[in-house]
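Below you'll find a set of structures to go through.
In the two complexes that follow, chain A is the common piece, with chain B as its partner first and chain C second.
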Partner chain A sequence: MSKQINVALIGNPNTGKTSVFNQLTGLNQKVGNYPGITVEKKEGVCKLPRGVKAHVLDLPGTYSLNTTSLDESVAVELLLNKNDKDHPDVALVITDVENLKRNLLLFTQIKDLLIPTILVINMADRMSRKGISIDIPLLEEKLQSKVALVSTRKRTGIDRLKELIAEYKNLSKKPNIDISVIAPDYFEKIKNTFPKEESYKLWLVITQDVNFMPVEKKLIQDASAFSTKSKSELKRLQQKETILRYQFINDILKQAYKVDINAAKGFRANLDKILTHKIFGYLIFLLILLTIFQAIYEWSVYPMDMIDTFFASATEWVKDTLPAGAFTDLIAEGILSGIGGIVIFIPQIAFLFLFISLLEESGYMSRVVFLMDRVMRPFGLSGKSIVPLISGTACAIPAVMATRTIENWKERLITILVTPFTTCSARLPVYLIIIALVIPEGTFLGLSYKALTLMLLYLIGFGAAIVSAVILNKILKIKSRSFFVVEMPSYKLPLLKNVVYTVLEKTKSFVFGAGKIILAISIILWFLGSNGFSDDFKNAEEIITQRVTENGFSANSETYIENKLLEYTQGINTTDSPSANNPSGTAIQDSLSLKTTELRGRALNQEIASYKLEHSYMGYMGKGIEPIVRPLGYDWKIGIAVLTSFAAREVFVGTLATIYSVGNDEEETIKYRMAAEVNPITKKPLFNLASGISLLLFYAFAMQCVSTLAVVKRETNSWKWPLGQLVFMSLFAYIVALIAYQLLK
Partner chain B sequence: MEIFQHVLVYITLFAALAYLVKKFVLPKSLFNTKKSNSKSCGQDDCGCH
Partner chain C sequence: MEITVAHLKRGQRGIIKEFSNNFIPIKLLELGCLPGNEVELVQVAPLNDPIYINVNGSHIAIRREIALKIALELIDESPVV
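Now for the complex of A and B:
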């Protein structure tokens, strides 16, 4: 039986850690979360020489074992805790050949934890270009470790690295530095209190926000056997430790690492001058954002349309092929539309992460953070928050997922919570139909009132996001340290393999993570809208058929048939081809008669569907909430549409189409029907300026999207945040809509 | 046939509800049947592996 060993990949950000991980594991990898927290856990399997298998864990990037974020604490706790099932048998410290000095600080710290450690010097292909030469045997001797010179871009050095991992038992476990020299008496007392533990481990528990079994921070703080030191004294000792480490590193690099300065610099410095320029920097970033926005908003329309068409055909096929009945309806209208509702987001997610991955891989993202940090920080957001906030105007789902690039948990959480305020594309159908109905014709400075209203709604959404971020920044008591230090990594050509992995992994994570929740909720919503307990629901067909037979169609259906018939007649009349091709008078009569029968059949089905929805569980729920929505100027029909659009905002229009007994694709007819609707209490048009503005504002602020809720749950790993978001946004939307209606009515 | 279709609908509905309850209401520990891969030999950090 082959033996499996644990390998941990650790390193500073931007050292190509993920590339090494991808080269080692190939496609044998999975991404999840560490239990109970949202720090990404990336693990995979690597086959090593002599039948040895390695379980490879890609730890969050960190500059040192002095933790500043939850991600870094996770990495440190794993390295400290030998009882953890993922505790490494061997650690690979990934370093960048151009920043070896800074990267070695982390290496010496891990070595001092007495974990067998290999130094992986990545980006070796840049050595000749940058005039770098390294004496590897001398480096190995001084660091008491093995060194692998790797280039993930050129795919060199990986085989030797695998050899070294397989022979990890031969690696020295000696520490690089004796930590006790910074305060000998103090360390002796600690050692006496916990004789089984290594001094450096204890030192980390004392100075960092980390715990590990069996030594927990509390235990050390309670220990009376040695006197604890004040915070300032501990800080001073930490500084001494860092100086000691850099002295050790400098001594080694002086002998083993040489740089020919004449060969370096140039291109990068020039590019940085432009990309971080006070004016050009922002203009270039704006152009890139516009391209991303265009991709999510416009380019993804084509694959989305194809997906939509595919699911529409699949639905038709199921209805035509399977025996008619409730389960066939569930498959066609519940399950297939549920799956379609998940799959349709894939192009947008893929495009967004394609761009994010390209920006990160190329090294440009760090310049974005540098540029945008000063703009976003006053609002409690990170420079990286700009990408989710802008992407949110297309769809909040990929935007919330994109917040994973923000390292600071508080900034990331705030971005997740405020992103759904930005106007996503699903709001657009609702906005367009209501604006067309209630906003009068006319212009202001050459812009139509309707266009101005739409622009205002976009601005309101963005403004709400910024104001909420400021408030959340004040009220959220999350301990997280944030620094203005931004590393500017070298510019690199993105590795296609890494870009493809990121896009695949994010798409998979959405489809199989949030997708299952969305599907389950879609099934429940379908059930509530397609089933009812009353006799009215059960006998809908008979009731409506009898009503139509006795009293004829409703005025609404009659208008629908008349309009459609008129369109059809005009179609025949405009076919003014030679008389030989013109249908005769009898043929026209027959054709009209057939069309009338078809339209009457369609109108009957629409009336039955409308009656059924009215008497379904969802219908009763809509009527149940009528007292709540009445102060906003809505009736029970809008109530049902608001409830069903919780699945997705755009469902609002479709639901109203069903209630008003018109086809979903008959936008003009829906508009006509909505305009003709009268409020039974005020006897005025139901959709007037007051109720229309109220409805627009409600949709601008309400969290009417189950998919976003599911993604927020997944990204925060808790129901606390999405539910809080749902309650707050819904209440806020309600209050704003109420005020608007009461003022304008 | 009609009854059979209704039964299937209720089974699917129950499965969807059960999935949501399992995912969000019941504690995760109830479903954690995987054996621990821990190589540790106890809580005393003896370092024997």
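Now for the complex of A and C:
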């Protein structure tokens, strides 16, 4: 058996590093276009010629080994630590053919760590269009390395790259540059103290921030004796080093790299002119946002209706096919309605991720950062906060992690704290179902009221984020310097494969991640709802049957029977044409009385079921919290749903589905079930405009997501911030919902 | 008055002079913003800040406060758009 080769991919952001990774390992992952998208550790296995296998690690994107952020330090740490099990036998430096000069800076640094290195020049398909020609043999000679010209878009050059990796033992280990020339005496001293270490490695250790280097702590403590030079002196030396490296690179590229300038410009400049225009820039951004909301609301109606119908009939099928009993009930009412409640939102979530991934892939997201920076600054935010705030519309968890690209700690902290206000996809199910229930039909300027309400909710979330940012900016007394540097990548047509994969991956993880919680909660709720300890629960059937025999049906059931009967008679009248085979009056009479009996039976079952629910465990729990939620216009059932959704917002719909499924024996879908609910006090529909708006606002502001709290804790390294978020946001949500309901009712 | 990157007009170019590196993030240096290299102002954001430059082939956006720290020698023949 042959040994596995450790391969590390390293490169600047926006060089298509992740695409190369996908091509090598066959494991497709997300390719982003704004800095720092590759934050997690990505690894895979690659089969090389002659049965050799390689373990491939995709390191976070970095411009150099002089780390300025936590993400970059991951890469440096691995390259420095020879004892790490992932320490590369060979490093692939991925570069973009258009930015070769800048990309080579990192390459020379890695070469100087004496790691065997292959230079991978990606996006080779753009060469002819951009008028670029490269003398590969000369480049290989000067860099003392091997060069692989690949195009992940056209899938060329990968086989040669694999060949080169397999032959890694033949690679030169010579450094590119002797950096000791920038301060000969200083390096001499260091070298004498640590004769075994390479001077560049020592230099890196000295200049890194101590916090970034836990593995190398010991070495740092020893070496720090030599950081006698002041910080600005070290910085000056770093500048000298950078200049030295660029001199080396420029000398090589002068001979090996030719660009026909006339071919290079045009498309990008023209597009930039429009997309970052004073007026059109914002207009286009707004239009894109509008399109996204219209798509989420209008285009996804059709697949959603299909899913809805499917689950309704599946539930029916299970009930008809399986023998009646607790197990069948569990499947039909607990599990199926729980799953149905989440699956129905797949189309909308998929649309959202589709658009976000298109914006990132195309390079447009960086232009938005550029457009918005000045706009965001008065609020204590940075243009880079836009990326978390927009990806927050998908999910707050990756959004909070995306704040790592913000160099200024205060701007970053504020962004982390306000991001959970943006409307994440978990709120979407809640919004959609309530909007469908309470917002009337109709259009305004070609947009439906419902789509507009949704858009408004997104704006409210965004507004809440901005306002809290202003307040936080005033309150927080943190001094930190702002170093705003954003790379503007060239525009790229998004790769269909990457987009499709992102959508599939994100939707899948949303459905399964949320699905697990929802399923578990659905089953627990079903159990709590269909069991009880009191005599009232156990004797529900007798109590209700007796009550109905003595006092007749409740007003609700009477209306229900009347309506259904009316529907039925109308059905008969329209299907029967006058010339038809003389439907005798008695036949109609018979079928009508038959129907009435059937309906009365159903109404009785419903009354029993709802009486049972009221006296079940869940009923008692719900009644317990009802006083708290009643001022907001909710009954105890909604109260239960709100409570359970503190684990995750989307649980709300699943919970209601389970509750109403238990409480109602009809095959109607969740939406109709909810529409039929009546407020016991006002006798009006429970989900009316006032309670609906109150619920929408509650969900817009409340911090109901355990996972976000966990990630905020991790990113801020303190419980102070997530707990503050939880208390402040939830309290605020309660107050706003209270005011809304009291004003509208 | 000293000419800096912040004084460039759209399409105008200049050569970076020596600068006080204390105010310049190392990242900017690594992207090629070094003495001797050519800078072109590509775009200015709608509210006049940040600015979008092409330095050494790198397209980057920086804020005016940093741009003010990078002194320039103007290249005369560059067109003013």
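Following the convention adopted for this analysis, the second predicted complex is superposed on the first by the 436 of 745 C-alpha atoms of A that agree within 3 Å, B and C clash if a C-alpha of one lies under 4 Å from a C-alpha of the other, contacts with A are read in each partner's own complex, and residues count from 1 in each chain.
Throughout what follows, a residue touches a chain if its C-beta (ideal position, glycine included) is under 8 Å from a C-beta of that chain, and two chains touch if they have at least 3 such contacts.
None of these values were measured; they are calculated from a predicted model.
A.B. asks: Quick check on the superposed pair: does A:375 touch chain B, chain C, both, or neither? Answer first, second, both or neither.
C.D. replies: second
A.B. asks: Contacts for A:196 in the overlay, against chain B (first) and chain C (second): which applies, first, second, both or neither?
C.D. replies: After superposing on A, A:196 lies in contact with chain B but is clear of chain C.
A.B. asks: Counting only touches as set out at the top, which of chain B and chain C does A:383 meet: first, second, both, neither?
C.D. replies: Only chain C; A:383 stays clear of chain B.
A.B. asks: Look at the residues of chain A and decide whether chain B or chain C touches more of them.
C.D. replies: C
A.B. asks: Which partner does A:684 contact after superposing on A: first (chain B), second (chain C), both, neither?
C.D. replies: Neither partner.
A.B. asks: Tell me the contact category for A:155 with respect to chain B and chain C: first, second, both or neither.
C.D. replies: In the superposition, A:155 touches no partner, neither chain B nor chain C.
A.B. asks: For A:82, is the partner it touches chain B (first), chain C (second), both, or none of the two (neither)?
C.D. replies: In the superposition, A:82 touches chain B alone.
A.B. asks: For A:516, select first, second, both or neither according to whether it touches chain B, chain C, the two together, or no partner.
C.D. replies: first
A.B. asks: Answer with first, second, both or neither: which of chain B and chain C does A:720 touch in the superposed model?
C.D. replies: Neither chain B nor chain C is touched by A:720.
A.B. asks: Applying the document's contact rule, which stretches of chain A touch chain C when the two form their complex?
C.D. replies: Of all residues in chain A, those touching chain C are 63-64, 66, 68, 98-99, 101-102, 105, 232, 235-236, 238-239, 242-243, 246, 268-269, 272-273, 276-279, 281-282, 366, 369-371, 373-375, 383, 407, 482-490.
A.B. asks: Give every residue of chain A touching chain B within the complex, in rising order.
C.D. replies: So the residues of chain A in touch with chain B come to 82-85, 196-197, 213-214, 323, 325-328, 330, 334-335, 516-517, 519-521, 523-524, 527, 713, 719.
A.B. asks: Within their complex, state which residues of chain C touch chain A.
C.D. replies: 21-22, 25-32, 34-35, 42-43, 45-50, 52, 56-63, 65-66
A.B. asks: In the complex formed with chain A, which residues of chain B make contact?
C.D. replies: 1-2, 4-6, 8-9, 12-13, 16-17, 19-20, 23-24, 36-40, 43-45, 47, 49
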